[in-house]
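Next come two complexes built around subunit A: one with subunit B, the other with subunit C.
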Partner chain A sequence: MILLERIGSFFTILLGLASEPLNLAILFGSVVMGILFGAMPGLTSTLGVALLTALTYGMDTSLAMICLLAIYVGGTYGGSYAAILINIPGTAAAAATAMDGYPLACKGEGGRAIGLTTTASAIGTIISMLFVVSISPLISRFALQFTSFEFFLLAFFGILISGTLTSPDLVIKGWIAGLLGLFLACIGRDLLQFYPRFTYGIPDLESGIEVVPVLIGAFGIPQIIGVIKDRFQIGKTQKLQRILPEIGTVLKNIPAIIRSALTGVGIGAVPGIGEDIAGWVSYGTAKNTSKHPETFGKGEIQGVIASETANNACVGGAMIPLLNLGIPGSPPAAMLLGALMLHGVTPGPMITFEHPNFILEVAAILLLASMAMWVAGMLLAKQVVKVLRIPTQVFMPVIAMLCVIGSYSLGLNIFNLYLMLPVGIICYFLTTMGYPIAPLVIGVILGPMADENLRRALMVSEGSFLPVFQRPVSLILFLIIVWTIASQLPWFKRKLSAIKKAVFKQSL
Partner chain B sequence: MMDKDRLRKADIFSGITFSVLGLYIISQAVKMPMKGSWGGVHNVWYVSPALFPLLVGALITLTGGLLVRTAMKEVGFEAVKQVGRYLLSPAFSTFLKQESTIRFYAVITVLVSFVFGFVPRVDFFLSAIAFLLVFILLFYLEDARILMKLFRFYACQLLIFLVLFLTPLHTLLTGIIPYPADILMLGFILSFALYAHGFCKKNDLLKKKYMTGLIVAVIAPLFIGICFKYLLLVPMPFEGMVIAVLDYLWYL
Partner chain C sequence: MKKIIIASLVLVMALAPLAWAKKSFPSRNITAVVVWGAGGGTDTCVRIITAEMQKFMDVNINVINKTGGVAGSVGMSHAYSQKHDGYTLCGLSESNVTAGVQGGWDKKFDVWDTFIVGGSPDLISVTADAPYQTIQELIEAAKKNPKSIKAAASGAGSIHHLNLLAVENGSGAQFHFIPYKGSAPSQNAAMTGEVTVVVTSLAEQQQLLRGGKLRALGMLIPDSFEVADLGTIPSAFDAYPGLSKYLPISQAIGFAVPADVPREAKDVLVDTFNKAMATDKVKTWAKENYYLLSGKTGAESKAVFDALESNFAWTLWELGAATVSPETLGIPKP
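The block that comes next holds the complex of A and B.
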């Protein structure tokens, strides 16, 4: 009965949103902008969401969410254009797509590949939307049992796992990046006693570090410096033919699409792990389960479908922890969290009480965005490809200007710029030295939650850590954290492999 | 990202930097109230504002140290000596003069001067046009010789602005003529555009690139600025000469 009621509410919200011409105009405009952002190598969906956050400041929450989710969905999908047509992923999320997409384009099947990825991406988003609707109430209800210890451990786990999985070099660098984010979150007056920490008498630091300028700086500035310094050039674009996909091919690949969507949702739901990892894991799974793995990398349509379905399904997956626990599932979701806070919506277990229809609204927007993405993909693909001809040296300065005006317009504070640029330059150096940026950003966002909950928990237990071991959820989280750390220690790895060998020998 | 060997060498230095940062965080955190009363609240260690920074500082020190240890295990102390020798060798000064290094200085200078110098003091439209013009022409013409000359020209112009802003000259001029910084910026834009044109006039490809740069540098700030200022009602960081004219036209 409750399920039917929810389905009813969902369709009422969906129709309400779709019946407003302004909503539809913003939806299509944002999806197209997202596709353009995703398609341009050097620009990412995270940066797209970051820059658009400034524009949505004056809108009502519902319209702002349409705008931001549409650019997120469009941006994640748009990366496939550059990956397929010029062998350079427009976004990191489309890196796996290039493996088979470009060989397909070289064979003269670029249009077919884009048509199929568009359809697969739309299906992936819709499947992830179903998970947002169905799983969210369960997680939300479960999270209501959480006490401060669980929230502290969850925030800590989010930073740790993000550092572990996104580090391109040593895992410890991912952890350091996360800890740096936590340090940045310490700046300002503390939330319990209002004591000024690391403010150095600067009034602008009293209220703490503004999240959005930090995000714009962390994701935008390194990209701009890197592209300009390394003289990044866009290669010759392959031609596009028929884009509309054959129904037969889509139906034949439905099991692969569903499997990839599930992979995407699962990875998206892990805090701080982005669409790029979802794309690679799904691609690897498709290759390993294929009867002809040797065709992968040579223009296998399943490879393209696997990565694109998963990276778009990751969008919905990332919404699950974001909405129910207040923990972003991916870097663009971190940006969305900042935007939601600006609009007075605090995601977390209480969201179903404070904004009862908000999760259904997000799901409805995801559904509309996936449909708009499909339509825009089919109608505008040949036009969108033209943006790949714009030289990077021309659009990157414009993006830099947008970063500046975007950071400033949130709060109309010039100090935001003084924060954005140094953070961006530091992040450029960190990226060059193999430190991932996502954990730093997750650290900045989850820092206040970790700080406040740690102290609140200890206040309740009067300084005792014993409740961590007495409460099942916190104990599980604690053990996962210990396992995640221990699994990176060389002696633990040696012991583990020795145990595995011994067990294996015995069983033989 | 760097290659593995260079990464490990860099890890030694970044690890040390982070360990020092961690120790600094701890040193600042211990000054925070751990007991006694702050703002009417009786403190105990577990509600102290120092608790979280202490934890973070300790973890940064520890992970920074572990990173140094891992890197040293791989490349050894010899790598530190190698880096020291490299910094003193002619190879390092060659590196500093490489085109990619100059591109790096140039992009940082353009960004820093725009954010810290022009945005808070000069009309946003003018400073954005100057920023885009310099940024696009420095790199889009794709000629190391032109890049160097334009960069030097820009650096000289920056010096003039530094003199204007860091001395009482600006206050003095404001009393005599309206918008002195904006007028100077307008002069800078025109002189930079003319100077860059000198390098492009004999080459059709460069001339085409120059025109593209010029058009984007003027159109983009006007379009974006007008959207923010008049449609989203966001006041610009500094409103001067151009915004006064636009205000007059918009509210006519």
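The block that comes next holds the complex of A and C.
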């Protein structure tokens, strides 16, 4: 009964919001701006939300929320453009999308890929919205199962899984890249005792390595060098295709879309981690459960759908702990928290009493934003694919400029450029040696979380590792990690196939 | 398009001398450089106060964020490197006083003339299922088994950590300190049951207190505090008068100008700041956000920041977390 009542008031709010022309104008404007932010390497949805926060100061709360959520949804989706078309993920969240998206673009199916990701992203956001409305208190309780040990294991798993999934030949190369990223993350003041590590007295290193210049350097520069070196033109093979999604393909992938959306919601709900992990975990699940895992990494449409659905579903997931506990579920959600406080709304357990309809309003805005994103995406996609027809001689220098601006725009700090260039050149050589780059970036992103939480967990337990086995969530995570590592060991593989054979014989 | 550009250029050139002709401060827009991120506590506070201040001036105050470095050193260095004419304000908070001893920059904090809007007072709370009902019960339990009760606060040397240290020093109790990356994660840890005690500001905690997820034991300021639907939170000083030797260590959020800004400009800033602090907008905002307004300027605010600087700097130095000795910067011991 209560659920029906909630659904009723949800639609009243939805219609109320949608009937205001100003709301719709702001909605579309922000979504398009978000998509552009996401598509541009270096400009992330976090930055977009941060910049707009200041501008929304004079608006009323619901208009400000429309503006900020639309840019968040658009930004998360927009990252896929650059990932698919030029193999430089516009945001870290789209790194997994590049795995199969770029090979698809090389095959001349860039338009089809973007069309499908648009629909998948929209469905992902809508599914996550359903969770915000219906069972958000339950998910909040799940989020509270995460203490320091769980956070450490989760971050470590994120690095490990991206290493496992992205290696073109040997899995260990992916792990090595991940550990390199983990090392980079250790540079700077540690967050617990404030002790400087690997800073060599350089003040700019004190606050640590920024993710954005590493992201841009690691993905952008090898791509630029590679394209210039090979005089490669992606666009030549681009066919003009229908961008409108093939309903058949979408329907065929509905189970995969729902699974990816659930992954996204779950990961989004856990505080502190966001779209980037969601994309990888979902991509990994899709690859592992696929009947033909060998096609992944070579232009498998399911891979693109998996990561894009999950990272957009993460948006709704991240709102759940933010609204119910006041704990942001992802970095852009942390910015949203600040923006909400600016408007006098303090999310937390009391929000249902203080602002009874606020959660429903957020859900309604999410639904509107995903629809606006779908419409804008459909209109933009065809134009965006044309980018690839620009001759390489013109296109790549522009991309290089964007890389420089993107790195610099973050904090207007020239040091980030000194960081981006060497990271990019090192990554170029790593790529030529067959080391995947994504785990390195994921290592930099998740490294601080792994490092800080492991040390804190040991402080809490006074040096004991026992709690790992005593807590259900951490035990499960631990077993998954052991399985991931063990499954790569030769003797384990042999044992496994022997067992499989034995079981198979018996069942015969 | 060209015509529009030319026309607007002509217009700008025609108007520019008019703007310059008016000599008195402020004759053009003022920029406030906030050294912490957009949407954060300091940012929000500076935006509110400058929005009110500009109503009393003929110019706008534009707020920008310049983060990074050590303890906001990038933004502070930037603001300090601009002309010392009062047209550049630096939005900052008490945490910035550590930039010197952490090697972020080479100056003592009194190169700034500060304007303190206020801050949210710290309090000590326990998880809802903890057995401690009053501050006495908690402190006595901690005294009986030193370092057995886990207490969360943001990272070593933060304002909340300093408050926790002061509680330990003033009461003789010892907690098992677990550092977190900020207030939200430390409160979250209390809710997951990882820690029992948490020290953060009232603004950060009020939702959880009123939702019954945390139990407030004592304010770490001399006075009790009235919170809607929760009643009065007593001051921890009532039970432990010894705390007054170490506390309060309060947030001081506001902005600053270089100390050698011309008198005339400073007077205008002080005047508009006082007017803005008296507006209902600022007062309502403070009440809604559990802030204690300060409004201190000049010598008064200098005394506050001197005390904060000496406390922070020496605590960090003793924790081994400072790179530059406070002595070399001429910071006296607390």
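To be clear about the criterion, the second predicted complex is superposed on the first by the 276 of 508 C-alpha atoms of A that agree within 3 Å, B and C clash if a C-alpha of one lies under 4 Å from a C-alpha of the other, contacts with A are read in each partner's own complex, and residues count from 1 in each chain.
Criterion: a contact is a pair of C-beta atoms (placed from the backbone, for glycine too) under 8 Å apart; a residue touches a chain by one contact, two chains touch by 3 or more.
The model shown is predicted, which means the values in this text are computed figures rather than measured ones.
Note on subunit A: of its two partners subunit C and subunit B, the one contacting more of its residues is B. Residue contacts after overlaying the shared chain place A:225 against subunit B, while subunit C stays out of touching range. Of the two partner chains placed around the shared chain by superposition, neither subunit B nor subunit C is touched by A:377.
When both complexes are overlaid on chain A, the residue A:195 reaches subunit B and subunit C alike. By the touch criterion defined above, A:148 lies against subunit C but remains apart from subunit B after alignment on the C-alpha atoms of chain A. Once the two complexes are laid over each other on the shared chain, residue contacts for A:299 go to neither subunit B nor subunit C. In the superposition on chain A, A:48 makes contact with neither subunit B nor subunit C. In the superposition on chain A, A:264 contacts neither subunit B nor subunit C. In the superposition on chain A, A:332 makes contact with neither subunit B nor subunit C. In the superposition on chain A, the residues of subunit A contacted by subunit B and by subunit C overlap at 57, 192-195, 412, 459.
Within the complex formed with subunit C, the residues of subunit A that make contact are 50-51, 53-54, 57, 144-148, 189, 191-196, 201, 203-204, 206-207, 271-272, 325-328, 335, 337-339, 341-342, 344, 346-351, 411-413, 452, 456, 459-460. For subunit B in complex with subunit A, the residues that touch the partner chain are 1-2, 7, 10-11, 14, 18, 21, 25, 28-29, 32-33, 38-39, 41, 43-49, 51-53, 55-57, 59-60, 63-64, 66-67, 70, 100, 103-104, 107-108, 111-112, 114-116, 119-120, 124, 128, 131-132, 135-136, 139-140, 142, 212-213, 216, 220-221, 224-225, 228, 232-235, 237. Of all the residues in subunit A, the ones that touch subunit B in their complex are 55, 57-58, 168-170, 172-173, 175-176, 179-180, 182-183, 186, 190, 192-195, 197-198, 221, 224-225, 228-231, 391, 393-394, 396-398, 400-402, 404-405, 408-409, 412, 414, 417-418, 420-421, 425, 431-435, 450-451, 454-455, 458-459, 462-463. Every residue of subunit C that touches subunit A in the complex is listed here, in rising order: 37-40, 43-44, 47, 51, 63, 65-70, 73-74, 102-104, 150, 155-157, 178-181, 184-185, 188-189, 191-195, 206-208, 210-213, 285, 288-289, 316, 319-321, 323.
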